[in-house]
Every structure is written in structure tokens, then in C-alpha cells.
């Protein structure tokens, strides 16, 4: 910490460096936007999937589960639930069967009383999610 | 306190401490739910308690940042706040909006809250940390704009110090990046991609600027080291923060459907993210060692040094542990992430807010520079209790995480999630007990505002014998 | 600008040894950080190549080595011009310094031009970051470096303009030395990148 | 003019000419399509040598003592060693 380094130069590096890496980040974002159609399974996004995503959101599923590894760590990963639970029927059956008052002493998913259409939408959303190219994550079916 | 209008900060700090207490209470509920699964079910399910826990954290940190800005900006700019009235008004708007939101979480089912607040018109709810109803989010934007206007006008018409400019850049970035919270496409990958522009670029970007400038301010005041020296360090540190942190966003783009080159870009840059935190630690200790005076507020200096160390450990070291893509492949979304999150948020952001409160509160409560000896001793006890218990919470969660990763992801016979959770319950119990110690620390912290408040102030500063 | 021990020694033509390298130490801290990033990328390239030797060798053959040679010469020449610019300002020859800086800028622009035609060629063939692992590294490394050259050229331009306005003299020219050091770093990185990505197989 | 120009060549010009020469050697090695461990390490060695010439000659670290004197060289040796190891190991994988 001698006078060999000056505030003016430190300031230049802050502004210049930040701008530099921001531009680089934007360039990478631009490339990502171009590459996403091959990976994000967007052709599978139907009205039903969109409805499922909305239901996923307004019931705060992310408050217990992870989806592609992001969310809360209280309940299982659901990015691959479609595969783990054996397709849409497995998902729908599980959600429907949750007891209203929980399970004594154990964690339990609440009973949301979804309609059949809603259940189908959620299952469609999880099917779409399971087909996103996630670079082979999670490492195995247990999520 | 040199300017009348700085007193506005007292409101903000008081609210911050109150919400902090709420956050810890809900943290304890969550910790118990991890081991007693049906605790408070179905009245307060886990997801609701977690939402309250994390949202209170964000809100009290924001209150702390705003209070810090209202306190230090006038002093740095050498003029009164542009509009103290607006600051008070915005305080109440923010507090009421925040309280209503939290009550909404607790009293109404989340889907009902979404319906009541018209989420269908502009769906933004139900994403981690951004669970607030859209109307609350709009409120946050309004409060942030009014706040920026108030702070900006004060800074631009007064003395322009580096501390003030960096703070202003950080706060502006905070407000601008929050706008991405309104972007919620049906495409899950794009949703997640831009969600991180709020979350990552906040906590590993602009918030670090705010942290740096608050820390620099407290160090200037308590050590008496030449402003020039501290300011140039501040520039170098925040330059490194953004250089590593912006592309470092890539460490969230490994497994969410984004192109695989992010595994390289993210790993390379986020591997360097500990550097600015390390520099911050070196910087803080260096400044204190070169102090020109012994400030009577020893508690504030302790908090400042603690922030530097814990931010480095929590954000730097624990972040590095699982940031490289090959490691993250196994640890992504496990208790390792939770461990890192706890120590990083406490070490970097909770502690910096407690630092500025510790420094500023005595003066706003009529002291010349510091609290009485008894009060400071109690505050330092609370520092050690909270900090050490947070270290242990992190260690226990790390233990839980390592076991979880092995049993669920790495071993030859991967076990289901819930089976693994039961096998690692011991760590959750240890975490919960440590959480109670943290609570004791918090109680002592709050008590330190009342104990010894009639006692005389710690003797006014003496000149330090030049060390180093 | 700060004067003192350093400019006393730096200002002379034949400096004795000093504790700090030429220019502002802040720039050198920045240089170290940049070198760290490039080092990780280089090593990552080499170790990833271990797993895909055939693929790397195959696609390395699609690169234009002649363009890379010209680019290497352009950067080395630019660096040399920058050295002459610093030498000139140390002797107080402001006009000489300005001319050398302009010449260096020209060489930097030549690099950007050649590299751009290479990129245009690759993009025309549909090569992207996601095409394969070799191209991912090739584009990442060279584009990251490319942006450094852009920044370096901007720095040289600013310095040339400021030298022209008489901002520096024989005693006070730390900014010129700082910019020069940064430019040499950009050159240095390319000198490793060129054989690693274009030649070694 | 100064003492520098009275010498037959400036030291930095000499460094520059050496750099150009080494670059051409590297390019020829690539041009001829030479292969094998020996060539690879020769090219890598030339690159490190050129890097050191930049650091010492152009960046002026020749005149610096202490940490900064060795910063560039350390970086070069570190990168060179790791890259060298990777290329050495990969030769066995053909």
C-alpha cells in the first residue's frame, strides 16, 4: 500500500473493468438466447404447460421443492419427477393422495384440492420440465 | 451526528432489528419442521414459514441499507438530506406494505393471495425470493425510486465522496436489476436465466458495492485512517467484485437448460470470486492496525472486522467449495447450498447492517460517540454468540450436505430423498439447537440497547500509539 | 500525480531496480487477476483436450494459421511500438510518444480486422460456442482475448489523445506506463494462446 | 539524441527482432505439420521464452526487485508446467 497505486487509476479500473465484463456478459447472454431453442424444449410449451407453470407458481411449490435444483431443500427434486414417479399418472396420483391433516410426526405435502384439469396441467408442466436438456443433471433418478 | 436529518435512519434501523428477530423466529420454526415434519402443519406449512424467513431477511437488509444510506450520505455529502419528510413517508409505506405482505403469507393460502392481488394480470409470484404479490413488487419499485431520488439529490448537490458514489451506484443497480423480477416467461429456462439477474447480480454484485461503501465509511470514522487510502482500496475491491461476479453468474447456469459452455465460464470466474472478499478482510484488518485513534465504540470496530472475516468465509470459502461445475454437479440444490447461503448472508449482509447500526445508533440516541461499557460488553457477547453459532449452523448443514450428496447422489445405490433426510436428521437437530444459541445472542443484542443506557459513556478517544 | 521516490527513479533513462513495476500498481493487480483468468482457461483447455484429442486435432486443422501468424506479428509489433512510446515520453519527447502510440493503435486495429475476418468465416460456417468442445474453447479464449485487444486499443487511443494535449512529460507519465503494461499483458497472453490453440497438437 | 540511439541497436529492438524470429519458427513448425512430443514441447518452450522476453524486456520487470520481478515468470512457469503435463499425458491416449 504505497503511493505506487493511485485512486484515479483504481477508479478507472473499476469503471472500465465493470463495463468490460458487463459487455462480455451481454455477449454471452446473446449467444445463449441463440442456443436455447435447441435445449429448452420450447416446442413443448402448450397452453396446458403454461397453465401448469402458473399453478406451480401460485401454490408456491418452490417453497419446499427444488426444480432443476433451485428452490427449497425440504422436499424432493421435481425436475425429473415425471420420470421418477412413472409419468403423468404417477404425479397426479401422488398429489391427489395427500392427507388433509398431514402425517403425524412426518413431513407431508398439503392437500391442494386441485381439479382434474389442474392436475393434468401440473403433470404436463413437469413432463415438459423433465425434457429440458440439463446436461445430465441430476446425477441419478433420485434427484 | 452532524446533521439533523440523519436521525431518519433510526426508524429504519429499529424496523430492521425488529424484522431480524422475526426472521430468526421463523428460522427456528423451519429448523424444527426439518426434524418434526408435522410441526404447525397445516396452519403454517414449511413453504409459508420459509417464505416469511427469506422475505423478512431481504426486507430487513433493505431497511438496513436504506438506514445506512440516510445516515452516512448527509455526513459524507456535508449537507442535510434532500427531503427528510419523504424519507419518513417512504419508511411507513415500505413497513406497511411489508407487514401486509407477511400477514398475507401467514393468513391467506398463497394461491388465494395470488388471486386477491391479481397475479393473473402480471404473473410474477411463486418464484424463490420473489414470492411477493405483484402489487408489493410495484410498491418496492416506487419506494426504491423515491429513496434513490432522495439520496441522489443529496449526493449530487453535496460533496461527492467515493463512499457516496459507490453507494449510489450500488443502490441504483439494486433498483434497476429488480425490474427483472417482472419478467416471468412461460419458458422455464428463460424464467430461471433472468431470475438470477435479480438474485445473483444483487447478492454477488451490487449489494457488495453497498457493503463495501458502508464498511469503508465505518472504517474511515473509527480508525481515522486517511480517506484517500481507504477509498482507493474500496475501488480496487469493488472492481474485483464486478470483474469476477458478473460473469460469475454463470455458476448458476450449469444445469438449468442453458448451454454447457457456462460450466467453463461460470467455474473460471466464480473461482475468483473469493478474491475481493479476501482483499476486504486484508483491507479491514490493515486499516484497523494502522489506526490513528482508538475509537471508543469498540463494538462497532468488532462488527466491522467480523463482517470482513465472515463475508470471506461464508461467501468466499463456502461459495468456492461448491462453485466448480464438476463439484456442483453433485452438490447443486443440496444442504451444501443451504450452508453457504446461511453463512454468506449473515457474514456479508446481516453483519454489515449490524455494523452500521452499532456505529450510528449510539449517536442517534444522544451519545457523543459510543455506548456505556456495560452496553458494549453485552453487544460484544451477542456478536460472539451469534457469529459462533452461525459458524456451527454452517458446519452442521455442511455435514448434512456431504452425507446427503453421498447417499442420494454419489453412492452406488442412491437412496430416495426422504430416506436420506431421515438418515441425516442428527445434523438437523444439532443445527436447531445451535439456532437456539443464536436466538440467545439475538436477545442479548436487543438487550444491549437497554442495559447500561444510564451509565456514562466510554471515555472519549485517545490517540493511538502508531502501530505497524 | 504523485511524485516521490518512484518518479525519481522512473524518470531516469537507466533506472536502478525499484520495488514496483512501471505504471500504477492498481493496473498490475488488475493484470494479475486477468492473467489468473487466462491461466485457468489455458490449463482447462489443455486438460479438456486430453479427453478429446482426436476432436481437438481435427478442428484445430480448420483454423487459419496464416492469419494467426499475421496477428501475432501485429501484436508483437504493437508492443514494440508501445515500448518506444514509453521510452520517448521518459526522454520528454512528447511528439515521438504520440506517434509511437498511434502506430501501436494501428497495429491493434490490424489485429482486430484480421481476427474479425476469421470470425466472419467461422460464423458463416455455422460455428458457435455450442458447436463442440474445441470450438467452445477456441471461441471463448480468442473472443475473451479479442475484447482485451479492443480495450487495449481504446486505452492506447485515450493515451495518444492525452499525450497530444500535453498531459504527460518526462517526470509525470505513470498513466502511459500503466497503459503500456496492460497492452504488453494482452500481447503476452496471445503469445501463449497462439501456439496452444493454433499449433500444438 | 540520447545515448541509446548511438548504440548500433536499441535493446528493445533486439528483443523485438528475437520475438519475430521465434514467432516465425513456431509458425513454420505448424506449417510443416510437424508432430510429436518433441515438437510440441519445443513450441511450448518457445512460447514461454517469448513470454519472458515480453515480461523482462517490454514490461520492464528487469529493473524491478522482489515480488513483481518474478510475477510474470512464475505465471509462465505455472501455466507452462500444467499445459505441458496435460499434453504429455494426452500423448499416451492416442
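Order as written gives the chain letters A, B, C and D; numbering starts at 1 within each chain.
Operating definition for what follows: a residue touches a chain if its C-beta (ideal position, glycine included) is under 8 Å from a C-beta of that chain, and two chains touch if they have at least 3 such contacts.
Just so we're clear, the structure is a prediction, and the values are computed from it rather than from any experiment.
Colleague: Among all the other chains, which ones are in touch with both chain A and chain D?
Modeller: Under the touch definition, chain A and chain D have C as mutual neighbours.
Colleague: Using the contact definition stated above, find the chains touching both chain A and chain C.
Modeller: Chains in contact with chain A as well as chain C: B.
Colleague: Looking at chain pairs B-C and C-D, which one is connected by more C-beta pairs in contact?
Modeller: C-D
Colleague: Measure off the straight-line distance from the CA centroid of chain B to the CA centroid of chain D, and report it in whole Å.
Modeller: Whole-Å distance between the two chain centres: 47.
Colleague: Approximately how many whole Å separate the CA-defined centres of chain B and chain C?
Modeller: Inter-chain centre distance comes to 39 Å.
Colleague: Counting in whole Å, what is the centre-to-centre distance of chain C and chain D, each centre being its mean C-alpha position?
Modeller: Each chain reduced to its C-alpha mean, chain C and chain D end up 15 Å apart.
Colleague: In whole angstrom, what separates the CA-based centres of chain A and chain B?
Modeller: It comes to 24 Å between the two C-alpha centres.
Colleague: Would you pick out the residues of chain C that each touch at least 2 other chains?
Modeller: 19-20, 26, 29-30, 129-130, in rising order.
Colleague: Hey, what residues on chain B touch two or more of the other chains?
Modeller: In chain B, 232, 235-236, 239, 243, 259-260, 265 touch at least two other chains.
Colleague: Among the residues of chain A, which ones contact at least 2 other chains?
Modeller: 5-6, 10, 13, 17, 20, 24, 31, 35
Colleague: Which two-chain combinations qualify as touching?
Modeller: A-B, A-C, B-C, C-D
Colleague: Spell out the residues on chain A that touch chain C in their complex, using ranges where they run on.
Modeller: By the definition above, chain A touches chain C via 2-6, 9-10, 13, 16-17, 20, 23-24, 27, 31, 34-35, 38.
Colleague: In their complex, what parts of chain A are in touch with chain B?
Modeller: 1, 5-7, 10-11, 13-14, 17-18, 20-22, 24-25, 28, 31-32, 35-36, 39-42, 45, 49-50, 53-54, 56-64, 66-77, 100-108, 110, 112, 128-129, 132-135, 137-143
Colleague: Touching chain A in the complex: which residues of chain C?
Modeller: For chain C paired with chain A, touching residues are 1-2, 4, 6, 19-20, 24-27, 29-30, 128-130, 143-144, 147, 151, 174-175, 178.
Colleague: For the complex, which residues does chain C have touching chain B?
Modeller: 26, 29-30, 33, 36-37, 40-41, 44, 129-130, 136-137, 140
Colleague: Give every residue of chain D touching chain C within the complex, in rising order.
Modeller: It is residues 2-4, 10, 12-13, 15-16, 19-20, 23-24, 26-27, 29-31, 35, 40, 43-44, 46-48, 50-51, 54-55, 57-61, 63-66, 68, 71-72, 75-76, 78-79, 82-83, 85-87, 89-90, 93-94 of chain D that touch chain C.
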